[in-house]
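Each of the next two complexes has subunit A plus one more chain, namely subunit B in the first and subunit C in the second.
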Partner chain A sequence: MATLELGLDDEVAVAPIGRKRQPGPLFWAAIAWMGFVFAAAAFGGLLPFSPTDMDMLERRAMPSALHWLGTDGLGRDELARLIQGARISLIVGLCAPVIGITIGGALGILAGYFRGRFETLVVGSMDVLLAFPPLILALAVTAYLGQSILNLTCILGVLGIPAFMRVARAATLTLARREFVIAAQALGATHPRILLRELLPNVILPLFAFFLLGVAVTIVVEGALSFLGLGVPPPVSSWGSMIGEGRESLEMAPRLAFIPAVTMFLTVLSFNLIGDTLRALTDPRQGAL
Partner chain B sequence: MTEPVLLSVEGVAVDLPTPRGNLRAVDRVDLKVGAGQTLGIVGESGCGKTMLSRAILQLLPKKARLSGRVMFDGQDLATLDRECLRRLRGRSLAVVFQDPMTSLNPVLTIGTQLIETLQEHLELDGSLAKKRSVELLTAVGIPAPEQRLMQYPHQLSGGMRQRVAIAIALSCEPKLLIADEPTTALDVTIQAQILDLLAREQRRRHMAMILITHDLGVVAGRTDEVAVMYAGRVVERAPTPALFKNMRMPYTEALLAAIPKIDAAPHTLLPAISGRPPDPTRPIQGCSFSPRCRYADARCHQDKPLLIQAESPAHQYACFHPIKAAAGVSA
Partner chain C sequence: MPGFVARRLLYLVPVLVAVSLLTFLIASLLPGDLAYVILGDQATPEKVAALRHDMGLDQPIWWRYLSWLGHVLQGDFGRSFRTGQTVLQAVAERLPVSFELMIMAEIIGVAVGVPLAIACAVRSGSAFDRFMTGTAFGMLSVPAFLAAILLIYLFAVELRWLPATGYIPFEEDPLGNLRFLVLPALTLALAEWPGIMRVLRSDMIATLQEDYIALAKAKGLKASRILFVHALKPSSLTLVTVTGINIGRLIGGAVIVETIFALPGIGRLLVGAIYTRDLVILQGVVLFVAAGFVLMNFIVDLFYAVLDPRIRHGHA
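Our next item is the complex of A and B:
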C-alpha cells in the first residue's frame, strides 16, 4: 500500500517536470543560432568593416582575409551588410509583434470578456483590417510617410493586430465561462482585477507562443517588402534588400543572394523551433484538465 | 427556528430568454435561513437549484431577469448597487462550486490565490496573510500547507482542490456559505470527508450554510431544514427529521426510493422516476410533477397545487394527494 502511494506521488511530481527538462538538441541548436545572431547584431559595429564603404576595384570579390564573405555588386563588405541586416530584421521583427500583442491582446481579452456590442465592434473592425490587402496598405503608407524603419515597424505591427486579437479573444471566450472566473466574482473581484489577475495569466501563454511565430512571419514579410523596395531606405541593408540586390548578379555571384537567404531561413526556423518548444513546455492544457 | 433570520428569499423568480422562448428557471421560491443554520436544497439536474444560488449571489447570466426579493442581513441584494454588493461578496457571502477542477485558476499557485483574497478583503500585509493562509489550509485538513502554497492546482488531487476552494471561501469568515454540489465531482470516500469538514467549520464559525445537492443522502443528518425543488419550484419544505419521517410529497418519496440501498438483494431493479422533467420553456397547466406521479388524477393535471402547511408550520408541501402514512424513514 505504502509503495503504491509512493509510486503515484512520484509520477505526479516528476512526470511533467521530466518532460520539461528535456528539449531536443534541435532546440539547443536553435538557441545557439539565435544567440549568435543577437550577438552579431549587438556587437557587429565593433568589427573594422563598414557596410557602406564601396571598393569599386573589388566588386563581387570572393571571400578573403579582408572581406570574410566577399563583397557585393558595389564592392561593399558582405559580412558587414549581413550584420546590419540582422540588426534591422531583429528590430523590426521584434517590435512589430510587440505592437500587435499589446493592442491586439488587450482588445481580444476585453472583447472576449465583456462581449456584447463592444465585441461586435472590435471583431468587425478587425475583419475590415484583415480584408484589406496588406501589400497595398504598406505601399500606401510608405508612399505618404516615406521609407523608414519606424514606418515599416508600425505598418507590420498594425497588420499583426487582428491575428493577436483573434487568438486572445478565442482563449478568453473559453476561460471566461470557467468557474474560477465566477468564483472570483463571487469573492467580490472587480472587472479590472478579473481581467488582469485571472484571465491575463491564462491568455498570455498562447499569446506568447503566437508572438514568436509572429516574429518569424514579420522577418519574412520585412524581407519581402525590402526585396520589393518598400522596406528600409538604401543604403541601409536588410536581408530582404540584400537578396533583392543579389538577384541582379545571380549568374555571376549566386552567393550574394544565397548568403542572406540562408541566414534568414535559419533565423526564422530557429524562432519557430523555440516558439514550438516553449509552447509545449507551458501548455496550460497539461495542468488544467 | 429560534435563530434570527439571516437570508430570506421572497418570491424569487428567474427568467432566461432562450431561442425557444422564455425559460422560467426558478418559479416564485420562498426560503429562509437563520444565522448558523443549514438549509439543504435537493432536486434533480435542471430543477433550478444552481440558478437559485446564483440568484442569491446576484451572479446570474447577463440576460437573466430576476424578480422578487433576496433579503440578506436587512438589505435587498437584488436592488443593492454594484459596489456594495462587491464588498458584501467574499466578506459576508461565499460560495463553493461543484467542480474543483475548474474553480481554481490553473496558472496561479494556491498561495497566490489564497493570499490575494486575504489581502484584498482583510487588508492584511504579506507575511500576515501568508500566516493566515497556512492556518486556513491546516483547518481544512491539508497536510504540509507551507509546501502546498507554492503548488499549482493541477498538482493537487480533486479532494485537495476542493479543500483549497473551501479554504478560499472561508478565508474572510463569511456569514453565509453556499455550497453548490460541493461533492458531486468527488469520489464517495472523499465526499463524506468534505461534508464533515464543511459541517465542522460551519459549527466553529457559526456560519449559515446552503447545501445544494441532488442526493437526499447528503442532506440527511447534516442539515437543519430541507427544501425539495422540482421544475423551478419548492415542492416540499420541512425540518430535516420531519421530512424524512413524514414526507408528504410523492416526488420526495420517489427521490428517496431512487437511492440504492445497501441491504437490497443483488440485481434488484432500482425504482427510478420514470419520464423526464417538464420542458421549462413550456410550463404545463397542472402540477409539474403530475405526468410522472403515480398518484396523479384529473385535478393534478388541471390545477397547480400551492404550498400548504402540514402538521407543523415549518413543514410545507405542494400536493393534492399527500402521502398520509408514516411512509418515510428516520433521518
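Our next item is the complex of A and C:
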C-alpha cells in the first residue's frame, strides 16, 4: 500500500453491503486517536525532553520517570522522538495531499466541465505520471533533489495529483449533466460562477473524503522513504526512520521498532477509517441503492 | 481482437515516449551534475568541463535526449561509472530475483484472498464475513516495511525458523532459495490479499444475485460448481483491473522488501544506485521499471478484454 494509487479502485470498489450509514464507535475511536496525535504534535514540544540529546550511558534504557518510553540506540528520548515523528508525519501527510487536492481537484473539475481537447490533454498527462510506480518516482526525484522535508512534501504532493484529478473529474462528469447545472446555464450564469458556486460545493465532499485516504497513503510513503534512510534527513526523527533504526536492535530491544510501528499503524488506520466512512456517507451511488 | 490489440499498441507508443522523456528530464533538469559526481567535489573546473564535453553534457538538452533515446532503442542504457557494468547486464542479473519474489507474493495473495472472498460472499453479512472484512481493512493500513519488521521479529528473531536476510540462487540450492524468499514474499502477500479479497468479494456478492445463478441453483447444480464455474469468472473483472493497478504497489513494495531482506533484485539495485549516487544506473533502472510497468498494464488490459467481450468490441 505504499503508493498513492488508492483512489483508482474508488471507481470500481463497491462499499461493503450492509454498512451502516451512521458512523459507529470505531469511527469515534479513530477521531479520538487523531485528536490525541494532533495534540501530542502541537503541545509535545512543551515536555522537557529533547529528541536529539544523546545520553551514551543510557542507551536502550527501559521506560523510567526520566524517559517515559525509554531511550533509543543512541540514548535519545524515545517519547520526544515519537512526538517529533508525529509532527513530521502530520506536516508531510497533510501538506502533500493539499497540493494534490488543489491542483488535481482544479484540473479534474475543469476537465470534467469543459471536456474536449483540454480533458484529453489533462487525462493523457496524468496517465504518464501514473506510468511510474509512485515509490520509484519518489525515490528517483528525492535522489536528485536532495533530502529535505520541503522536497519530500512537494514530490509526494505531485504524485497525488492524478488520483485527485480522477476523483474530481468523475464527480464533475455526472454533476455537470444534472438539472441544477443546466438550470444555471439557462439562467445565463458564467462559467466561473457555475464552476465555483454550483460544481465546487458538490465535488468538495468526495474530494475531502479522498483527501483523508491520501493523508494515510502519504504517511505510509513518507515512512517507507524515511525507513530506507531516503526521506527526512537525520537527526530529525520520523516514524519511518525510527522503525528503521529500531530494526537494528530487534533482538535486544524490539520495542524501539514496535512503539513507532504501532503509533504509525493506528494513525494510518484512523485516517483510513475516517476517510472510508466519509466516502461511504458522501457516495451518491449509495443513495440510489 | 487484433483491432483491439492494435489500438492499444498505438496508445502505448506516446505513453512510452512520454515516460522516457520524463525519466530523462528528472535526471537532467534536477540539480546534481554527473561530472561532479564522477570526479568528486574537489575537481578543478577545467577537468569538469573536459568531462562534460566528453560525455556530451554541454550539448543542448533536446539533442542529449534524442541521442540518449537513440542509444536506448538500440539496447544501450548506459554503463555504471562505478562498477563498469552496463545497465542491461545489471538489470538482467537481478530481474529473476524480483520476478520470483513478486510471483510468489502474488500466488500467496491469491491463494489467501480468493477463497476468503468466496467464503465471505457466500455468507455475506455473517459474523465471519464482518470479521474478515474488518481484518482486511486493518491490513490495508499495514505498510510493507512494518509487516516485514513484524515477520522478521516473529520468524527470525523469536522462533528462529527462517533466515532474516540473505539470498541463495535457485540453481545452487532450490530449497535454500525458497527459505530465503518465504518471509519477503509473505511480507508482500500480506499487503496483497486484502485488496484481492475486498474487490472479489463485492463483485461476487453482486454476481450471486443474478438470475442465471438462481437458475443454476434451481437446476440443482452443486454449490461448488456454481461458485467456481458460473460465478467466479464474471466476478473477476474488477479484480483483473485492480491487479493491473496493484502491480505498481507490488513494485514499490518489492523495492522496500528487497532492501530489508537483502535480496539482490531490481529494487535493491535502484536503492543501491541512490546510496552510491550511481546516476546512470538510477536513470536506466527507472526507465526500465516504468516501461515494464506500462507493458504489464497493457497485458492486463488485454487479459481484461479476453474476459469481457464488451471491451474489445468497444461497448464498455
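Points worth noting:
Basically, the second predicted complex is superposed on the first by the 253 of 289 C-alpha atoms of A that agree within 3 Å, B and C clash if a C-alpha of one lies under 4 Å from a C-alpha of the other, contacts with A are read in each partner's own complex, and residues count from 1 in each chain.
We adopt the following convention: contacts are C-beta pairs under 8 Å (C-beta built on N, C-alpha and C of every residue); 3 or more make two chains touch, one makes a residue touch a chain.
Quantities reported herein were computed from a predicted structural model and do not represent experimental measurements.
Of the two partner chains placed by superposition, A:154 touches none, neither subunit B nor subunit C. In the superposition on chain A, contact is made by A:198 with subunit B only, not with subunit C.
By the document's definition of touching, of the two partners only subunit B reaches A:180; subunit C does not. Of the two partner chains, neither subunit B nor subunit C is touched by A:281. When the two complexes are overlaid, the chain among subunit B and subunit C that reaches more residues of subunit A is C. Using the contact criterion defined above for the overlaid structures, shared-chain residue A:94 touches neither subunit B nor subunit C, since it reaches no partner. 12-13 are the residues of subunit A that lie in the contact sets of both subunit B and subunit C, per the superposition on chain A. Residue ranges of subunit C in contact with subunit A, taken from their complex: 14-15, 18-19, 22-23, 26-27, 30-32, 124-125, 133, 137-138, 140-146, 149-150, 152-153, 157, 191, 195, 198-199, 201-203, 205-206, 238, 241-242, 245, 247-249, 251-253, 255-256, 259-260, 270-271, 274, 277, 282, 286, 289-290, 293-294. Across the complex, subunit A meets subunit B through its residues 12-13, 115, 178-180, 182-190, 193, 197-198, 201-202, 205, 284, 286-289. Residues 1-3, 5, 8-9, 12-18, 124-125, 127-137, 139-141, 143-146, 216, 220, 223-224, 227-228, 230, 240, 243-244, 246-247, 250-251, 254, 257-258, 261, 264-265, 268-269, 272-273, 276 of subunit A touch subunit C in their complex. Against subunit A, the residues of subunit B that register as touching in their complex are 57, 59, 62, 86-91, 93-95, 97-99, 101-108, 116-117, 120-121, 152-155, 165, 168.
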